[in-house]
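What follows is a short report on a single structure.
Every chain is named by a letter (A, B, C, D and E) in the order it is written, and numbering of its residues begins at 1.
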C-alpha cells in the first residue's frame, strides 16, 4: 500500500463500473511527513475520507477483495484512514 | 486509476484479442490541470471517448472485469469520461 | 498496453515455461513517433513480428488470456502489430 | 520481491481489511548494502519484524497467498526477514 | 519479462512462503549489452542459475504458474537462463 493525501473529488457520469455508494477521489502519494510525491491517482473511496486526510491506498487486483468492488474494473481504493505513523519509536504523524 | 487525455487512435489488423465493437486509443497520463506526464499508453476504449477528452484509465487485471474484456489479453481500458475534478472545494476541471 | 519496437530475439534453452511455437523477442518501449524510451522488455511474440516492427505489448496477468499462454509464467506478450497511429486526426505512424 | 528496511508502524482505525493479528509497517526499499531508495511503502507484517530490520517484501496478488491475507485488499506484505545477502561469494549483509 | 544479471543469494530463515527446493537470488535488471539498471530485485530461482549469469525474470501473478510456486506469496522468479540475444540480426550477447 502507499500513503496518500486526499486532494478532492472526481466526477464521471459516463462510466462502466456500475458502482453505487462510493465516490472517486483524487489523491497524491505522500511520505509519512506529508510531502507529496509526483503524480496523482484516482481511487475509489471505501472509507469516506475527507479532503486533506492522510489515507492508505491499495492497488491492483487486491482492490477487488471487498463487497463493493468485487468483479469491478477498479484498480485503486482507499482502504483505510491513517491515524498514526511512528518511525523509530517517534510519532511522525498523528491525525 | 489515472487521469489521461485522449490523443487519438491505434489501428492493428494482426492481433490476438478477438475484440469487436471497441477500439484502441492512445492516451497521455495527465494531471487534473491537464498537463501531460511522461509516456503514452494504449487503452481499449469502453466508453466512446473523443480526442482531447479527459478520461479515467484502469490498468491491470481489473480491466478484464467487464463483459467486453472478460478473458481478453487487455491490460488497460478507458472506464469513464471525466466531467469534473474538484480540489480543496474548488473545481479545477470541468468538461 | 504500450507501444514498442521489436529489436531482436532472445534465446533460452534452460527455462520453465513449457511453451512451444512462439519465441521471445526483445523490444524497446516507444512513443507513437518512434522514439525509444528507457529500458527493454522481453516479450512472448504471439503474432509473428519482424525486427523494427511497431507492436502492441500487453503486460501482467492479461498476457495469460490466450490459448498459448494459459497457465504459463509469462508476464508480457506482443498482442498486435501496429498499422496506423492517429493523433488529433493526423496519421503520425503508418506501417 | 524487494529488499526493504522497517521504519516503523502505521495505525489505522477506520479500515476495510478485516485483518486481525498482524500490523501495518512502513518500510523503505533498500539496496543490499542498506542504502534506502526513494519512496516508502506500507506493508502488512506477516513475520513480526522489528524496526531497522532488513526484510523481504512481496507485492501484488501474490500477497494474498497466505492464510491471513486470503481474500483481503492488501497489496504488499513482509514475507521474510533477511539473514544474509551474498554477492559474488562475499557476504554483504548479515543480520 | 526483464533481463537481469544474477548477483548472489539471499537467505531468510523466518519466512512465510513454505517453499523447499529453490532459493532466493538477488539480481540486477540489465540491458542486452549487460549494463545494470537501477535497483535490485529478489527472485526465486526456478532454473538453478549461477552468479553473473544472464537470466529472464518474470514478475507478478505469472510467477505462480509453476508447480513449485503455485499458491505461494512470490512475486518474481527466474524462469530461464539467457543463451543468446540478437539485435537487428547481430548477436549482442552469447553465454
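As a working rule, a contact is a pair of C-beta atoms (placed from the backbone, for glycine too) under 8 Å apart; a residue touches a chain by one contact, two chains touch by 3 or more.
Not measured: the values here are computed from a predicted model.
S.K.: Applying the touch definition from the top, give me the chains sitting in contact with each of subunit A and subunit E.
M.R.: D
S.K.: Which chains make contact with subunit A and with subunit D at once?
M.R.: Joint contacts: the list comes back empty.
S.K.: Quick one: report the Å distance separating subunit B from subunit C, using the average Cα coordinate of each chain.
M.R.: That pair's centroid distance is 20 Å.
S.K.: Between subunit A and subunit C, what distance separates the C-alpha centroids? Give it in angstrom.
M.R.: Centres of subunit A and subunit C (C-alpha means) sit 32 Å apart.
S.K.: Which positions in subunit B are in touch with at least two other chains?
M.R.: Within subunit B, residues 60-61, 63-64 contact more than one other chain.
S.K.: Have a look at which chains touch which and call the overall pattern line, ring, star, complete or other.
M.R.: Here the contact pattern is a ring, one closed loop where every chain has two partners.
S.K.: Going round the ring from subunit A toward subunit D, what is the chain order?
M.R.: A, D, E, C, B
S.K.: Would you pull the subunit E residues touching subunit C in the complex into a rising list?
M.R.: Per the stated touch rule, the residues are 1-3, 29, 31-32, 37, 46-48, 56, 58-66, 69, 77, 79-89, 92.
S.K.: For a test of understanding, state which residues of subunit B touch subunit C in their complex under the given definition.
M.R.: On the subunit B side, the touching residues are 7-17, 24, 26, 39-43, 51-52, 60-61, 63-64, 71-76.
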